[in-house]
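Below you'll find a set of structures to go through.
Look for chain A in each of the two complexes below; its partner is chain B in the first and chain C in the second.
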Partner chain A sequence: MTVTEPHIEEAKKDITFRVFRFNPQIDSKPYYDDYTIQVERGITVLRSLNYIKEHLDATVSFRAFCQAGICGSCAMRVNGLSKLACTTQVWEVLEKCREPNVIKVEPLRNLPLVKDLIVDMDPLVDKMKHYSNWVESTMPEEKMGKKEFLISEEEFLKYDKATDCILCASCVSECSILRANSEYVSPAVLLKSYRMNSDSRDAIHDVRLAELVKDHGVWDCTHCYRCQETCVKSIPIMDAIHGIREDAIERRGMKDTSGSKHAEAFMSDIEKKGKLVEATLPIRTNGMAWTLKNLLPMAMKMIVKRRTPPPPPLVKPTKGIRVFRSMFREMSEHVREDHKSHNK
Partner chain B sequence: MKPFDIVIVGGGGAGLYAAMEAMKTNPSLNIAVLSKVYPNRSHTSAAQGGANAALANKAKDDTVELHIFDTIKGSDYLADQDAVEVLCSEAPKIIRELDNMGTPWSRMDDNTIAQRPFGGAGRPRCCYCADKTGHTILQTLYEQCLKKGVQFFNEYFALSLSVNGSRMRGLLALNIKTGKVEAFASKTVIFATGGYAKMYWNRSSNAAGNTGDGQAIAYRAGIPLKDMEFVQFHPTGLRKSGLLVTEGARGEGGYLINRDGERFMARYAKEKMELGPRDLVARSLETEILEGRGFDSPAGKYIHLDLTHLGADLIKSRLPQIREMSMQFEGVDPIEEPIPVRPTAHYSMGGIDTDNFGRTVMGGVYAAGECGCVSVHGANRLGGNSLLDILVFGRIAGRTAAEEVGKFAPGIIPESEIAEKTEELRSFMKPSGHYERYGALREELGQTLAMNVGIFREAPLLRKGIEDIAALRDRYQHVRVFDTSDVYNTNLIQVLELKNMLDLAETVAAGAYAREESRGSHTRVDFPVRDDEKWHKHTVATLENGTVTLGEKPVTMGRYELQERTY
Partner chain C sequence: MKRYAYYLSCINESMTKEVDRSIDLWQKDLGIELVKMHESTCCGGSNLDYVSPKHFALVNARNIAIAEKMGQDLVVSCNTCLMTIRSAKKKLDETPELKKEVNDILKKEGLEYRGTSDVRHLLWVLVDDVGIDAIKEKVKVPLTNYRIAPFYGCHILRPSKVLGHDNPVEPSSLDQLIEALGGKTIPYEHKNRCCGFHTLLVAEEESLNVAAEALEEAIREKADFIVTPCPLCHTVLDGYQAKALKQAGDEKNSIPVFHLSEMVGLALGYTAKQLGIKRHIVT
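Right after this comes the complex of A and B.
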């Protein structure tokens, strides 16, 4: 006789996986295939896809390796949100189905599509290279291996969380700026850059920073918080972005105009797309480069915090503008005070 | 493509260190790193615990000598003592080197690299970065390789060595993104493709791609494999996936319970109970399951790892990772329900037979990391010694290849070989009357290995295992790839990986059948004691006429005499 746990037998459901399909060799445009399978409680999205691939359709293509949430291979959009398929329980996403028991599975956004659920990671690697996402040691190579650096726990804690990043690109997929500008540095690369810049063993802090404040760099971020909300390792990415900005202002002062110029270009971009017009208006009327650069990002952050819908889509103009303006004024005050205390 | 000086297959810790060291040794060399996944995805990232080195930051009286002794004893005296000496004496240097390059080690109060105790070690010498040591080491190495401009060929799947007579002239690999077979003519090749424990499939803690590709490629090219029968099992893998529940759960006071509600460890290790040594606990769990005292489910038989009595607070504060894992992968919250576990294949001690410099018997071919067997782990690897192994011997292999590259003439791989290989791959896709499904074969392989070549081994079971594997190898002739597209054909990759697992499974079973003794991870019910007279030697497997032939090799002894291994 065998003992069987009751919940395992009972908790079974027929689930339809609506899978994004695209084979560049034959398809002119993507389409969706439906696969319905019986899923028991405790099964992950990845295991369901494995089952589909093995039993229903061997051509469904996706990446997976560790199956334990550590390698970052299996990021994809499940019911519209980017996450790791291998750590996502089917049961847990059922609530978010538009159609009952139909789970939509799609590739990450903001990276070139290769096939089905697979996107090209090379652009991200290229950005890591561009922004020198490595420690350039202060110790010459021939001296290495003889003695260790002494590093405080305090310093370690500064980049501890950032080193959790598994480069899954979920945050990249959700980033609102990347959708408009594929050359944008990317949240994961900002995070890594910050991690390197907080490391006392690193010798190229200023070189990296100089690159980060250029076009497509740290000033382009709208503080929409999407990356942080998405991060599969719950890393406070925004702390890194704030950290880089504070560092830039501290070390480089107000000499970077490219950041603000780019912010302007971005705003007109959004304007063309008909999104966020209300946000651009007060900025235009204020018109000062300094205010743009320093206040806009923080104001945007506040929009999100106050639960006013983040960009996109468009918020209702009149009310939105009023809210925005008052926040804008409030922010100006804060920043002024901040600067005063800094200068003390 | 212009011929390479060194082609490194594998972008895990071993491969990346080899690449860096080779570039450092001779910057003018043309070096390529091939990896079937982006290097930062490699399985090195899964290692949580840490890497051993006698830095003596924590225990001031720790020495390299003590590390050597622990390793040799842990190996059940099957490790080669000169190799262990290299491993342990290079250890402090390599850990510091990683520190100098930016690895974020956890720190002690005096700001030096933190160390903690680990199984089988007499001193706390395991250097760690929280519970993500492998991940951060791999990141550091990948970042440094990007910095140095290492030429990466990501998502390339190595297929075979190109050999003319006894001269190696390079490697054939499948470009996964295009589906084209490409030739990498090269003077030297270093294999660093990781372990083969995934052949146990759902009963393995390994990544899906730890299929022993490098070992199988070398084996098919006539290069011997060593000590393949030694596979380490971890007692607590999750039932459905085999993923690891770390020792922490038992360390905090978790119970192992069978279906009679009994804390059965009382029968196997009265004093230590759940905290007995890894192999003993694994054998105890397996015994309970085999004797019918396990639970049953569609996903297989299992035992309960019960944490419920520890209370929500303790579980949340001390074991958050374990809780998250059981919720993510089993849908079970350990605060409310016990975690279903069973032993899981974790590490492969065996691999490509190399000397202390990573050289194989074939000129120009080297191996390092879990895919090689120097041997430093012998019959049983100590926790924290594997990361060390891949770093130390990855570096040595890279340096040696760079130094010796002048001895080998540049190879040219004929076009016809590429065409043949392409045809071979295409043939899997041809519709035929009778065909076999990849998934079924792989499942059966995992099952027969777990049943017959698992934790407990004995002649009749092993014979059954050998027969099953032979039958599966026959059936593999008819396996069908249903995806006929060129771009990113994961169906084809899986089928190729299965072939590698099947070839290696034969060597594991053959070694296990031949070795009539119990040593380290290899437990023969019919030969329960270590037999130094007959079996204090390595087994060496070579492929002859399509099947495995076993030979042997002496163990290099040194300062340490054979002793009984007791803890």
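Right after this comes the complex of A and C.
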């Protein structure tokens, strides 16, 4: 009888890489090719793909460069999830295999396919340009290069994490709304806009913000947190999205867009009743005409099923609302004080 | 009988009353008592946190403080309330100066946020506290012949740093519950995806596209029904179902969507009428 140490038993395995293949110039539809190779523990998905390309099939196409999680070129979907092939070890993803030891490798979603695992990043670049995601300097041209342009550490901490973004587009690939509409701004672009809008050296904050609150902009995010969850640099992307919204409400007021009106309804209802008055939420968000046009047929169905939310007078305030309201208003005082000292 | 402080979600008080109604039917059968927190307020529904981060901290510190005063964990049956209140808790626990500021105000009501009560979803209570084996023993009408699509929804999984119960990629608690009740879970790609609820009034077309994909997969996989632990997901998947499928070009198919609490109720022997299932738009 031979005894095999478990760690030796597991040190090498035959793994099948089921690779998405599609060359739009030749193929009528996509297909998958299986490549089975022996992989040692510790080997990454990218090393495996390189091996396949060098030894088994030179026609498999993918993008890669630094092999160290820095350049962001090799983002792809491994067993369904968008990540960097170069920082993903084969052993890490074995548990997620539908078929034992078969790893599915597919291109990122939500970007046009070029070939096999390569997607076209141009739509993302175009959106970065559309929202002017660079520092448009407040320093006059003639002073450039002659004077240091310092920012405080406190300011930098606000967008330190956002600067970690390597534009790999994993978040773009996972975004629920982008999947529903390719015109949506996308999480990576919002993250970058937040970073630029928080930079005191930047001169076009208001212009950028005005663009961000338009259709397909910051208010269309549906808070699914898939971007943040998949981020290869663990950047809290939703904090940036919420940061833009907070800024939009503070600077442009709440009466501006349906997104901000919708958000404001929560604040005012909680202060008044301690709970949400759902019946009038669509009207307060989009106006009466929109509500009648879009929601009337459904409202009829809901009436039949007796599941319409109660009209405002029938929404009973929460127990102890008076004390609650006074506390809520006391906090409003604090917020006003904060704004005053912030603006000084 | 294990007791919990039960948080009243706005939507369960208005559009999805069947959730609390069905829980009231069976909670004692499973040896738990959910004591309703009538003084609690709206959590801010994943919106107040950016409209006013400080009010967000205050109202949810208060919500948790009420549960702490009752000496119990706070239990919710809405994903977004879960995520929102847990986010506030995390922020309060990590920011002593915010906690102090909030507690100075809460004194007015004789409340203090200490951070002693956990904030949990009813699904977690069922799986972890009541336990799969105990639930199996109580089943009267096993869901043997049903193929069930488990739709977890976002805010019971993500952000995982706030939620931390299930693996956000391969969640399992709802699958375990379905199997304990005798049902069969189907492989369902959309189990951890989004329903589109939070943009329904702001970007309706996009939201309905998101919902349609989840519905279409369940229909394609021949599920008998979808089950969800979130009344917001239910509102989209049931209430907006016809509109979403029509937008996706499907005017023929439909699929029932059950609340977690109704599915449990069915297996414990309660009727569709008792559980309020007839109030759904798709029946």
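We take it that the second predicted complex is superposed on the first by the 246 of 344 C-alpha atoms of A that agree within 3 Å, B and C clash if a C-alpha of one lies under 4 Å from a C-alpha of the other, contacts with A are read in each partner's own complex, and residues count from 1 in each chain.
In the analysis below, a residue touches a chain if its C-beta (ideal position, glycine included) is under 8 Å from a C-beta of that chain, and two chains touch if they have at least 3 such contacts.
Remember, it's a predicted structure, so these values are computed and weren't measured experimentally.
Look at A:Ser152: by the touch rule set out above, it reaches chain B but stays clear of chain C.
In the superposed model, A:Ser137 lies in contact with chain B only, and not with chain C.
Contact with chain C, but none with chain B, is seen for A:His242 once the two complexes are overlaid on the shared chain. In the superposed pair of complexes, A:Gln228 makes contact with chain C only, with no contact to chain B. In the superposed model, A:Trp219 lies in contact with chain C only, and not with chain B. Using the contact criterion defined above for the overlaid structures, shared-chain residue A:Arg179 touches chain C, although it does not reach chain B. Of the two partner chains placed around the shared chain by superposition, neither chain B nor chain C is touched by A:Pro187. Listed in rising order, the residues of chain A touching chain C in the complex are 80-81, 96, 98, 176-177, 179-181, 184, 219-226, 228-229, 236, 238, 242-243, 245-246, 249, 258-259, 262-264, 266-267, 269-270, 274-276, 278-279, 281-282, 285-286, 294, 298, 301-302, 305-310, 315, 318-320, 323-324, 326-328, 330-332, 334-335, 338. On the chain A side of its complex with chain B, the touching residues are 2-5, 8, 23-26, 40-44, 47, 53-55, 57-59, 61-73, 87-89, 91, 114-116, 118, 120-122, 125, 128-129, 132-137, 139, 141, 143-153, 156, 159-160, 163-164, 166-167, 196, 199, 201-202.
The residues of chain B lying in touch with chain A in their complex are 24, 37-38, 40-43, 45-46, 55, 93-97, 99-102, 104-107, 109-113, 129-130, 132, 135-136, 139-140, 143-144, 146-147, 154, 177, 207-209, 240-241, 243-244, 259, 295-299, 325, 327-332, 437-439, 481-483, 485-491. Note for the complex: chain C touches chain A at residues 10-11, 13-17, 38-42, 44-55, 58-59, 62, 101, 105-106, 108-109, 154-155, 158-160, 168-170, 187, 189, 193-194, 196-199, 201-207, 209-210, 213, 239-240, 243, 278-281.
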